[in-house]
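Following this line, the structures themselves.
In the two complexes below, chain A is the common chain; its partner is chain B in one and chain C in the other.
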Partner chain A sequence: MSSIAMSGVKPRAGATDRSDSLRPLALAAPLLLLLAFSFGAPIVLLLSRAVYEPTIANALPHTIAALRNDSAGVPAEPVFRALADDLKTDQAAGAIYEFAKTLNTRLPGARSQVLRLARLAGQDPAPTREAMIKAAPLLGEDQGWTAIRSGSNRFTSFFLLSAFDLRWTDQGTIGTVPADQAVFTRVFGRTFLIATLVTLATLALAFPLAYVMTNVRPVIAGIVLVLVLLPFWTSILVRTAAWTVILQKYGLLNDLLLWLGMTSDRLELMYSRTGLVIAMTHIQLPFTLLPIYSVMRAVQTSQLRAAQSLGARPFTVFRRVYLPQVMPGVLAGCLLTFILCLGYYITPVLVGGASDQLISNFIANYVNVELNWEMAAALSFVLLASTLGLYVTMTRYLGLDLFKMG
Partner chain B sequence: MVLSGQSTSFREALTESALSAMDRPAALAGGRTGSAARADAKFVEFIDVEKNYGNFHAVRRLNLSIGRGEFLTFLGPSGSGKTTTLNMLAGFERPSQGVITLDGKSVDRLPPYERNIGMVFQNYALFPHMSVADNVAFPLSVRKAPKAEIGPRVIRALEMVKLERFKDRKPTQLSGGQQQRVALARALVFQPTLVLMDEPLGALDKKLREHMQIELKQIHEMLGVTIVYVTHDQSEALTMSDRVAIFESGNIAQIGTPDALYNEPATAFVAGFIGENNALDGVVERVDGDQCLVALPAGLTTSAMAIGGISPGTAVQLAIRPERIAGSGEPANNRFKAIVEGRIYHGDHQRLLARLPGGQVLTVKVSPDAAMATGETIDLSWRTIDCRAFPAGAAPDGNTPNTGSVT
Partner chain C sequence: MLSPYPTTSERIRVAALWFWCVLVLIFLVVPIFVPVPLSFNSGSFFTFPLAGVSTRWYEVVLGTPRWRAAIGNSLLIGAGATVLATFLGTLTAIGLSDPKFPARRFVVPLLISPLIVPVVVTAVGTYLFYARLGLANTYAGIILAHTVLASPFVVVTVGASLSGFDRNLMRATSILGARPLTGFFRVMLPLILPGVLSGAAFAFVTSFDEVVVVQFLANAQQRTLPLEMFTGLREQLSPAITAAATLMMALSILLLIVANLLARRSRQAGLPAE
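Let's look at the complex of A and B:
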């Protein structure tokens, strides 16, 4: 900087260039800082909990040191002595509850045994191996020590594997969890299935509507646009509540269907997948519609006329001239809706049934109820990664650019 | 001249490559004289065609014949029905009344894609997602032409418009003039017998437009296709057309060759629309065969050609071209004194604004070295044959100025 300030005309041009490139950055800096502080950092911190779990290693330093000579199965007496020592220290330091809870996520049922064991370890003289196994039967089994050994590493793949219903077996290989614990692949599958259904439903509604809107007088197109956007400006909670009024067993839709004679019995639309898809389709419609509408408006009528005069039948005009030009908007709209559907939370809670809960509901449950932030982080990570993967695939291989679509 | 060199290379390009692609005898006939010799005078016919949008009559009782191989231009102000007429011929609009025939057959039930008519639009209407070559190949591929045939035909069509180097580009990577040449190649590649052009040069700048006019004319002469061309630019119409149809409020005011329209306009509207014109209001005093004597304000009279139904007492509008008004030295039977009000220098000529005693201001074309001062009194004269009197009621838009003015 000082050399620039001291020398003549030429470096001044350089200084101008630099200030030109710095100025936009300086203008954006407050927002970037806010984003980094309130968005970037919390996400990174939370997601890191999916792979970084130091509680067990911190709670059992001596046990883990002793386990280095005892690599498999239920270890011998010295390890148990070290364990009793560690538990006594943890009990005194108040860290025992955190440890018991963490071990319980990896080893269901361990919580009460750990607390019992800690009380035993606090007595004088120190308990024997047999007494400890008697107090905590899991310590007499291979899986108990597999959990402790895997916890000795502060970095763990346990939660990420769990998100795919996988685990480290006692033999040190990756296997599936027991069928009664395997929930996440089903939940992810259900989330993707409902997102697909909603995306297709919005597309089926939005494509013809957007086409009509581009072909009517601007005034009418404006009115339709406002009607579509009106729910867009309403709170999602209000809209969802409105759907519960419409969809419930003695609600408006069932009344109408009965009155029309289309059904003989009242349908279970509330707390069902049908109701969920209907409500989500309504909420997502503008997101699919607007990108499609914007590209359709850009297609010149004269191009369609030119194609016809050149000998193309209406279907050929649609397939070869119209569709290729509106496809970027269709893909953008569908991608937007699909990605937003993956993260739906409030609508499944209010409209969906117990078997229609999506991955976000499980994440919320782990954060708010189970207090298992590691599992929540792992599920969030898988959701985020699959969303980004989808976006990258669409942009790279289909030449779609959401940012350009506006 | 610059353009003559270009036209030579253009001709070579055509004879070497483009023409060899044309397998139809009509196309091989070459120059327009050849195809005009056996021109079918009623290749396209409009019989009592009307088009109404609700209460608005866009086109009223239009009758028109277009000869095979002809270059016919629809010229008129916007809203005069020329584009509607073109769209009915293309099949985008259906006539409310009447019949349109193409090669002797009614096209009433024929959709646009079965009419085999090439069309060029003002905004080019190229398909932005296809390359230049794919755009030109489009009419061939929808006709299921063999793949081996499409490639060479596309190349020849692009050679015809000198764009073969750009075949792999996207239309947006070309200039406006190049895009319109691609559109032209696309409209010609499937060898339609009729090509419609809707203000194709309207979006181009003046210089490019004049160059493209000559290219279009040459392509027309080479291929012998029938071209119906819509424009509101009269110089464009006069430059290119075999015949020009002047449209006025939904009908054809006059149809004829460019020089017939210029020299013998049939209505005051045509006289005002084609070329520059001095319009003077007067009243007929005497009719004598095809001539008449017209009284002007301030006691002046002039003899004029009587056009349309004129009888003594009829209010008429006189039309005199600025270049047909002479100075004192010329032998002409209508002589007037006028005061010079202004002088506009145009390089190759000057225009004088001269006020007659009755207050009307005439525009007079004089030689570039004539030196008249403002305020000077000069002599003006014109021949009877150069002054045409139209019934004043036939004025198209009712806003004909009372004092003489250039329109």
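Let's look at the complex of A and C:
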């Protein structure tokens, strides 16, 4: 087969051809399988938690059956009897805590009421409708039953809607959540804002440097490239650690600003947005710079001279000849930095303040502190969709090769 | 950069450009070296000027059981992830270097996606999935997760050195009667070895620096050096952290300089003779 290909004869199509393309695939198969197992499956499982939530349906089978005849508002006596029945079973089966916790994610404050209700349901004779509403006031309100009705469906849009600060209203339409509960549009807005600020800052710093690097002797350009790569190779954690030292109230930056006379008082830079943007800009700078530099290096200076000798002024040369040629690199570098900024986690924790936490920090918090996997999954879904959408755009239209960078 | 007969305003513009670039370089480089002198401070504060020079913080990092255990874990996990990622990544790169590789347009972005997906999403998903399989809080689980994050670097570096590899050499070995494996070990591997080693160095540094996945997957016994630093930075700032940071930085930079020199050599060695 290979000797045929060597002598320039086209290989025959058919079975041999297919086995030829299977062999290289087989070499990649172990890694692809590992990625499917340890990367693909986890992400799919996580995202499924955003839309699949069977706990409530599993905990209240009789209540849900009884609710079919009672489609809106606070239902009548039979539904309450079925509820008491279900809660008694759940209490005995040990499923009550999971149910209480799950209901609480949709109905803040429901947890303690469910547990109180479950104790009441265990007594003989079974409690009346009035007694149950007295023990759990949420059962006397429409919103309590809206939550239970929506939980009867194992597939739910509740968490994905919540990620956009939306919810199903009692009338069955989609509306916004009350202003005091609306957090996520603000967090996403903040994440995009900080990503934009950092992207613009890195561009302002990187563009002139990359330009100068292409216009100096190769030895100097090489030295500058090493200076760019040194921080690039240092881990984000170490660089963030360095910034926590620099940004302290009695740290280097404040010393410098005082010495320059740019401020008369020491600034609070730690746990502030300014500090966060400075640190993120420092970390992202090489990511913006390297694609710009690699494109600028390919620009032929003879074209610029030609434009100039044809009478174009320097600014016209820059705008009409130079900029269009380096634009793909600029876009690629900026897009790369923007995408990576969306996923920042460590730096906001260590340098940012309470109001500078980005979307990743909220995801981690939902997992670590609130144990609300569904909300973490829904936020992950939105973050992942934004990131991958931009990544696909970048590879499709700009053909950026992430790894030709250093 | 200056035209042959520069005007005064052009001179000023170019001088301003240079000045700006020097500032940018200072901004880039100085911060990463700030922890270095502080790590030799004999006092317990983070401020200059130093109280005196001492190695007491290195004694803390290299001497106390907590930090030593963390360094041990980092080396163990890093070694495991490096071996796995280098092996799997090299195989994949060899497969990809074959022009007949199917659906390359989709496979390559897929292989690189662990670098693009926000690491918190990867970490949380992995934790959720591994908890069901009993792999959370195990060394094996952390090593597998780090292998995923490190493998793109190996695929790319080995792929780069293979791009200069003359495939006719492999045909020659098979014509001369060598079995594929013999051809690989005797001809291909020696030529791409610098690329493989450079990929391994990148893989090790990736695992050695990683903190988010470890934060979710590790229990108290599996804490790594970056995780110890991260918790230290969150809770109480001790100069021991500057010593740990200096050590981590020195190791990363050293390994990556070696990796880059190797990668450069491999690109030159793999080129077919003129």
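Rule of thumb we're sticking to: the second predicted complex is superposed on the first by the 375 of 406 C-alpha atoms of A that agree within 3 Å, B and C clash if a C-alpha of one lies under 4 Å from a C-alpha of the other, contacts with A are read in each partner's own complex, and residues count from 1 in each chain.
Assume a residue touches a chain if its C-beta (ideal position, glycine included) is under 8 Å from a C-beta of that chain, and two chains touch if they have at least 3 such contacts.
In this text the structure is predicted, and so the values were computed from the model without any measurement.
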item	value
Chain C versus chain B on the shared chain A, clash or fit after superposition	fit
Partner chain(s) touched by A:316 [first = chain B, second = chain C, both, neither]	first
Of chain C and chain B, partner touching more chain A residues	C
Chain B versus chain C as contact partner of A:52, first or second or both or neither	neither
Touched partner set for A:324, first chain B, second chain C, both or neither	first
Partner chain(s) touched by A:155 [first = chain B, second = chain C, both, neither]	neither
First (chain B), second (chain C), both or neither touched by A:306	first
Nearest-approach distance, in Å, of chain C Cα atoms to those of chain B in the combined model	5
Residues of chain A at both interfaces, chain B in one complex, chain C in the other	308, 314
Complex contact set, residues of chain A against chain B	300, 302-303, 305-314, 316, 320-321, 324-325
Residues of chain A that touch chain C when the two form their complex	2-3, 6, 20-21, 23-28, 30-32, 34-35, 37-39, 41-43, 45-47, 49, 205-206, 208-209, 211-212, 215-216, 224, 227-231, 233-246, 248, 250-252, 255, 282, 285-286, 308, 314, 339, 342-343, 345-346, 349-350, 360, 363-364, 367, 373, 376, 380, 383-384, 387-388, 391-392, 395, 402-403, 406
Interfacial residue positions of chain C with respect to chain A in the complex	1, 3, 10, 17-18, 20-21, 24-25, 27-29, 31-32, 34-35, 38, 45-48, 84, 88-89, 91-92, 94-98, 100-102, 107, 109-122, 124-130, 144-145, 147-148, 151-152, 155-157, 160, 168, 171, 174-175, 205, 209, 211-212, 216, 226, 229-230, 233-234, 237, 241-242, 245, 248-249, 252-253, 256, 260
In the complex, chain B residues that touch chain A	90-92, 111-119, 121-123, 125-129, 138-139, 142-143, 183, 186-187, 190, 196
